[in-house]
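In what follows, chain A forms one complex with chain B and a second complex with chain C.
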Partner chain A sequence: MIASVLDGIVLGLQFGLLAAGLTLVYGLGGVLNLAYGQMAVISAMATLFAINAEVPILPAVGIGLAVGVVLGLIFDQTILRPIYRLQGEARVLLSLLLTLGVAFIVDGYLTWRYPTEGLTLRIGGGPIEILGVPMRRGSIVASAITLVALGALFAFFRGTTLGRAVRSVIEDEEGARLVGIDPQRMLRIILALSGLLAALVAVTQSMVRPVTVSAGFGITVFALIVTVVGGLGSVTGAMLAGIILGIVSSIAASSIGTFLSLIILLGAAAVTILIRPSGLLGVRE
Partner chain B sequence: MMLEVSGLAAGYQGADVIRDVDFHVDSGEAVMIIGSNGAGKTTLFRSVLGLLAPSSGAVRFEGSDIVGMPAQRIARLGVSFVPAERHLFPRMTVQENLALGAYPDRPDTETMTLVMDLFPRLAERRRQHAGTMSGGEQQMLAMGRALMAKPRLLVLDEPTTGLAPKLAAEAYQALRVLRGRGLTVLVAEQQVPLAMAFSDRGYVLENGMIELEGTSEALSMNPEVRRSYLGVT
Partner chain C sequence: MTERFTEATGTALIGGTEERASRSLRALSLPVALIGAVLALAPLWLGDSRVQMGVAVIGLTFACYAIGFNLIFGSTGQLFLCVGALAGLGGYGGAILADTVGLPIIVSIVVATLVASLVGGLLSWIAVRRSLGVIFTGIITLIFALAFENLLLGLGGVSGGESGFPISSGADSFLRRQIPPYYVMLGLMLVFLLAHGLLRRSHVGWAFRALRDDEVAAELAGVDVARYRVYAALIGAAMLGMAGATYAFTEGRISPTTFGFAQVDVVVLVMLAFGGIGTLFGPILGAITFTALDEVLIELGQLRVLVYGILVIVLFLWIPRGVIPTLQGLLRRRRAS
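The block that comes next holds the complex of A and B.
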């Protein structure tokens, strides 16, 4: 039982980081990015190719993260341009359609061109015991990196002028403009950050299990579930939902089976939404 | 002239709400724009401040053309706007709201002290979320946030909306203190007596057009103004 909970926390931290990248872009720009998982996969592939080209592991990871940032910026400058011209519901719908199109194209190309590739980062050394449960070293490292990243995110949003400026646009866009903040510029920064988070999730996940070329849609779906349960636009909500769903999913997987755990995860998400339509910490419209 | 508006027309969905509006504000002046509900005061301010694209006309601030400029750029030129709906950041603390007023700079302690002295309630509620405060406190916070940018021109759209008479009087008392420090103020108001006592000059906006203008003293003698806005028969 303790083992399942610990595994769930490892999984949940990843879920949370994953959802943070999606929820921020939605909260700030009203854009749901369904190609989010593909951003993660492309970053993973960049890391993999760098490693195959005999780049040492840390610089190779750095390349993957940089690719994530660049992908976010490219998104902002290309596919999101026509989306920004629309408002409200029309904006969300067009973003769903266009990013889904991109997701299919990227996914199709990658699985056709590199059908068997996958990124696995092996962390050497034996298991580490936590609360009497032996945990794989990869899981511990992945969770540590995720925790540091989340800490950095919170520090950025609470403690820096730029972070507060980004939050102010989520809170009240017109108010933000009145104090001299350019919402478009904040959105560009958040897309770069979202790309970075997608890449970081790909890297940390590859320490626990391989990230294959076709992993994109799975990543997006999990990010979407966690985002909706946590409340659209809330990073704290994404964290909370990530950890809760991670634990639910892990306990279900160990006691009932992996396949059923997905159904239970979706059930938990559905129940949350029925009870609290705006999510755990979402903004009520 | 600090602010000069000429021939301004603006509206929504192609229909102009305001037409051919001319007015100006000199440095150091307090100017009011009065008019009944729906006269176009808010549309006028939104189009002057870059929140609504005017269909024609010119707006100059300190000699440079600002028409068509986005609101965030106009704000950085030294014009702070306090809208009637306030547009605070509800899930951020009073302190954070004020700090953002100084964006992109860090809030300086001198201005922070000025705002806290002006509105002691804000000092007491530093750590409270803006969204949980009363209407009067929110109005003070909106004014405080606008002041944090150290504006040369402060524009307020109906600062007394929804305020009890005592709080409305307090808001104008704060504006008087700021004027004493040399701030230029432009205010749109429905509660005409308060604005009249505060301002040097005024314009009467009716059905989207400037119908009357003059010193506040002259306007307060005008029989039409007395009947329509001061409740004197």
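The block that comes next holds the complex of A and C.
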């Protein structure tokens, strides 16, 4: 039981980090980025190529993260331009369709050019014992990185002027504009941050299981479900939802079997959405 | 393009200024008969090749899917991302009823259609009761689609799992010969088209248009928005289930990817958006165009997906309402000047 809960937390932290990047862009810009998983895959591929070119592992990961940031900025400058001109539901719909197009382009090119590639980061050393349960070293390192990243994210939003400015735009865009905050600039920063988070997810996931070229769509769908369960626009909600869904799916996997665990996870997500359509910590609009 | 969007507050992509529903029966039956006649001649030059006839049948099946999805999403703004799952409910339901239970094929199709219809209606009822918006309806139905796909993979004993379900019922009937399946699917598509056309002319169609253009105003004018949404889902899901079941019996083997999200839902959405969401003939134009395009681009292999990505982006930036409404707009402007 303790083992499944710990496994669930490892999985849940990944879910949470995954959803954070998506939920921020939605909360701030009303944009649902369906190419989010593809951003993670491109970063993973960049890291892989760097490693293949015999770059040491840490700089290679650095290159992957930098690629993520650049991707976020490119998104902001290109495909999202026409979306910004719209408002409300039309904006969400168009963003959904245009980023779906981007996801196709990336998926089509990558699976055509590199059909079998995948990034796996092997963390050496034996298992570490936590609460009497032996855990894989890769999972521990991935979770540690995720926790540090989330800590940094919270420190950024609570402690810095820039982070507070971003939060003010999420809460009330018009009000933020009135006190001199440029929402467009905040959006650019958040897209860069979202790209960074996508890259980070790719790196930490590759420590637990390989990130293949075709993984993008699955990543996006999971991020979307966790995001909605947590409440669109809420990073804390995304974390909470990630950990709850992670524990649910891991307990179900150990006691019933893997294939039903995914269905139970989906069912849990559906029930949460139906009971609280605004999500666990979402704000009712 | 931008002003077209800003003037409407809600779902501007779902053709706000769509053609007026024509009132005369002839205006409906003439184009339907024309489409039927043209498509009925297609086997004359495709009929020699088994492969091409197979592709044509798939194209017609997707046209049926697109009509059903159009009725749900285009008419009442419910983003059902479980088109493949509802069709699969029909396909697998029909196959299991005919092969495992041993019912006649036609009875299996009817029962499977009813099941798909009820599930679609239930999903819509849940979404309406919880007053979920477009995006949340999309997520809930997407979750249903993913769960269905995983059930198929997991319950291998019933569904055949990943390797698929070979259907032995009707194996030596006309349904498996080279040409007849094409006419069966064509007939189904024309029936769906007529049904949709008649529905639009009836009071139900007026209610659909009213609630799609302005939900609050429709409610105030006495339209029971919730009820008409569920109606649309019941009818649309029945179409999806029936098309899925019929296709399953003509194909003889179905697998989870036959009805997968990436293989059905995404394609249907693109087809419909190309033709024109909410229009009568948009689904058919989209299905034919993309089936033909897929054949032209077949040598590109995986790179086809890239081409579709570019197409989707160009399409939504240039003609966000789809081909048919854009052409109608051009015609009207020319007539006015």
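Assume the second predicted complex is superposed on the first by the 285 of 285 C-alpha atoms of A that agree within 3 Å, B and C clash if a C-alpha of one lies under 4 Å from a C-alpha of the other, contacts with A are read in each partner's own complex, and residues count from 1 in each chain.
The criterion applied here is as follows: a contact is a pair of C-beta atoms (placed from the backbone, for glycine too) under 8 Å apart; a residue touches a chain by one contact, two chains touch by 3 or more.
Quick caveat: nothing in here was measured; it's all calculated off a predicted structure.
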Combined model on chain A where chain B meets chain C, clash or fit: fit
Touched partner set for A:Gln87, first chain B, second chain C, both or neither: second
Partner chain in contact with A:Val221 - chain B first, chain C second, else both or neither: second
Partner chain(s) touched by A:Glu171 [first = chain B, second = chain C, both, neither]: first
Which superposed partner A:Leu266 touches (first chain B, second chain C, both, neither): second
Partner chain in contact with A:Ile256 - chain B first, chain C second, else both or neither: neither
Greater chain A contact set [chain C / chain B]: C
Chain B versus chain C as contact partner of A:Ala103, first or second or both or neither: second
Superposition-derived minimum Cα distance between chain C and chain B (Å): 8
Residues of chain A that lie at the interface with chain B and also at the interface with chain C: none
Parts of chain B lying in touch with chain A, wherever the complex brings them together: 49, 51, 70-73, 75-76, 80-81, 83, 86-92, 96, 99-101, 103-104, 106, 145-146, 149
Contact footprint of chain B on chain A as seen in their complex: 161, 164-165, 167-168, 171-172, 174-183, 283
Contacting residues of chain A [partner chain C, same complex]: 32, 79, 82, 85-90, 92-94, 97-98, 100-109, 111-112, 115, 217, 221, 224-225, 228, 259-260, 262-263, 266-267, 269-270, 273-274, 277
List of chain C residues in touch with chain A within their complex: 1-2, 5-6, 8-13, 126, 130-136, 139-140, 142-144, 146-147, 150-151, 153-154, 262, 266, 269, 273, 301-313, 316-317, 320
